[in-house]
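Data block below; observations after.
Chain lettering (A, B, C and D) follows the sequence in which the chains are written, and residue indices restart at 1 in each chain.
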């Protein structure tokens, strides 16, 4: 490595309004519906002057983006987060001159109807989770140059199996003290994103279906490692959903250590565990089709990114 | 107020091991069960010497308390958190000489079985929430002096109704600019604790039943204010459960502000809201029976307390 | 315990506006000053009708309390959080008829001036922490019945000593496997509250001075246990500040476990530690003067309370 | 977009042990030193079999990586996080056969010595923050193919100026209601990363110096927008440190809204603000030298990444 003296220039940049907490209630009938969203908008384009000379003439305020997010929740928000995000992203690219591409990242919090005398109530819900549905929609270019990418996903999906998981036959080095195991708790908090190659018939059904395939695969597969489990989950989702091009999974191995009760004359046959916080294994894998279309800027992050 | 010169002495004190993350799996048959707990133990007693002279001869290490928590998860952990907590609290009072009273605070995280081909899987679950079941069990004294208190509860129970809530006719002062409303979103994140006067037939059923009564009452009551809603929820629970002596509810008013879209020529009839984070109204109320037995030290907090 | 059938009545209740995020800038000269506050107000009084019948005629909206908090930041906010809190609490008791007592809880976040060419900048700061100054001011009654209590404090004060701490001679039971140690890391995150018996000459100086005494005592005392350390810290503060009546300390024992490197032929003489998250010992103690005035409702919590 | 039927294959993948909480105490003299770290390791390489067939023969357990992290804290941890991270990354690439590249991400928490009678204490500290020093070290290839990248940085650096910031002359659209301002509070929580082109003489001095340049530039520059401020901060750092190739800044615009007190007959000339939580503007920019060497995989994230 050597010291540098080259001209200093502006590199990649972007901006937007993050974490607009939009709640949309549909009250066309007595049976209301609710969508509870956290919406972030991000614009790329020709914003050099704003940085280099302080000239804001090409900069649409983040406040204007916020207003748009809430306005579109009324005018374009009657369906899935993917459709709503597409409407927003297209608007920014089509209607705001300096914008070359726009990205909309959305979290959707789930609610379930309260039961009253066994029947779902018409306008009262409790929050469910911790899992959160996510989407990231990107639109770039205008007219025939238009390209669009839709990513769906789920995060904080905490899943655990109390058996059907082993770990052995691994590489060892002088720092290896871990013993192989033929039966362990396997637990993780999944962060999964899938890239669509085609719009499914119904975005909401696709979300529910993909989530179900992932979870079912985790349950029934005898795990030889989290790596294998993630790959098989991704493969199952791609097999079940031809509209998907690619899937990415990030999974902390939430260690559950069998507690040593033998010291106290108590037998513990994988019944009592300590759930440890840190450190944790962190496994990340992607699964894709060989003929997947170019991901372009679909995966470029915004919120949380440096 | 005047400056003081009196003798300086030790006041109330307590200690224990907080947040033992115990996971208990029951695998007696192929259909496993799981209890996922966060257990804190707290001892009161004659620990003056430990503070004043540094003599630890009366202090059972918090590490020993931790070992006990995990050991009892095997030997006494086969049922509800209330029974498990009672076993732990009684042990500390009965078996550790300097202990005058013991408190066990427990959080229980809920899991639901994964569906595989429509059927619940035998050993795989996903976490549900955000709501968390809580319990605080206190035992004091020995033999005929023994007293016990059991508090159950739920926290982080986020609930929302999209209509059926008004707020008007309130007191005004020179700083009042709020307009009355006849239709608003009412949302909160409930933290509720109930004190048992008698052990119910089944702790787990009582938990599910009390939660259901609270939630149902929130849904069906036309709300004139969160104060009224909390009181009626508490009353409904006490009416339905004669085993309860008292109930305490803490409820942040999670404000959902109808968004001003009229500026953009868009009609918004309580359909698009901004969910604000802070500040929030914070309403706290208790409901009790006139013949409720003495609460004693039942409500003395431990974790989080100063 | 027996089932209950007594009349169901409203018990203790309170309400207010929590977490008003007030930032006060003083710009009377080019050298600006800043106070960064999180203010919560809480009213007690005759609010039975609001709960029982839904009549809000005695209820000052939490929104009005919010407006007052911001208004008073201008009109009464030019000094310490204790003075500002007293002004707010007195206002609510004196000027809002149904109010019997008012509590104001405040967090103050610290900022330090940015250095520019070695000199503190006049209007730019960076946040410091994690420690946060806290205060809780309560006023009750009117005229000759007026009583007031002021609690100051600090929370999230993380402190560590790498030697000068032992733990031994403790009580043992069948679950005790801990070995005594003559040299360990002692680390905690202090949550300390002190009750004033008299107003000091300067609230800000008192805060800085009490904090300094606590921290210095932690440093120089050879610790035989966290219990002894807390008691001696409290005693030192009371000795140094005659204006204090009482002090309460809550201290998680943030365990630092010496890492076993001997397995790899590496000597580790208390040089490499694993800082564990959970569980942790949690030690709580109070120190007070024998002639301390009655605490009354000074310690009744609001935010975070059930 | 069209539905896909191509062969499903494993894509990019990686794994490691995240968030090892290492505390290193140097006690060679009575004046101890402390390094408080959060270390994550990440390995790339030929791990296809682990995913596709479940064969773990090429997988070094994350537990072994953890042991290495703690062992190296003793054997290689006597200096800066950058040197320690380089030692770890090189070890994994050089000594673990299947590894093609290794990334080590480190957070370092700052401590300052407690003052006792005005003098810094030899073995007691309090934590400072909220800002956290970060580093990400990547090594790839062996022998003459070896490449290395070092990224330093700081996150959660909260900074505020109470004047010297305007925002006007911006682009408007039908959703623009924001008014231009000539005087506002500018506040952000900086997340900054810089890529070294050459090792500085001293990593710790470089960290302190770069941080100082950034903060000073923020203070003295009259801001026309956060975009301009970020660019000028980055330029100043590159100008002052020829060892830097590139710098990336992510900055939430932590809005401070001047509170409307005119309704109450109170003048508020930018003295009382509401510090809002969400939404927030989020501005991201990079500044680099035209002759910067190839970033390669330097910026590929690990922890937090999907």
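Just a few scattered comments:
In the analysis below, a residue touches a chain if its C-beta (ideal position, glycine included) is under 8 Å from a C-beta of that chain, and two chains touch if they have at least 3 such contacts.
Keep in mind that what you see is a predicted model, and the values were worked out from it rather than measured.
When the partners of chain B are compared with those of chain D, the chains appearing in both lists are A, C.
Of the two chain pairs considered here, A-D and A-B, the higher C-beta contact count falls to A-D. Between the CA-based centres of chain A and chain B the separation comes to 31 Å, rounded to the whole angstrom. Mean C-alpha position of chain A lies 22 Å from that of chain D. Counting partner chains per residue, chain A has residues 20-21, 67, 71, 175, 177, 263-264, 277-278 touching two or more of them.
Interface residues of chain D, counted against chain A in their complex, comprise 1-21, 40, 42, 47, 50-68, 71, 95-98, 148, 153, 167-173, 175-178, 191-193, 196-199, 224-225, 227-228, 230-231, 235, 238-239, 242-246, 248-250, 252-253, 278-293, 302-306. Of all residues in chain D, those touching chain C in their complex are 20-27, 32, 34, 36, 67, 70-71, 73-75, 77, 111, 114-117, 121, 123-131, 157-164, 185, 212, 215-216, 218-220, 256, 259, 261, 263-264, 266-277.
Taken together, the chain B residues at the contact with chain D in this complex read 174-175, 177, 263-264, 277-278.
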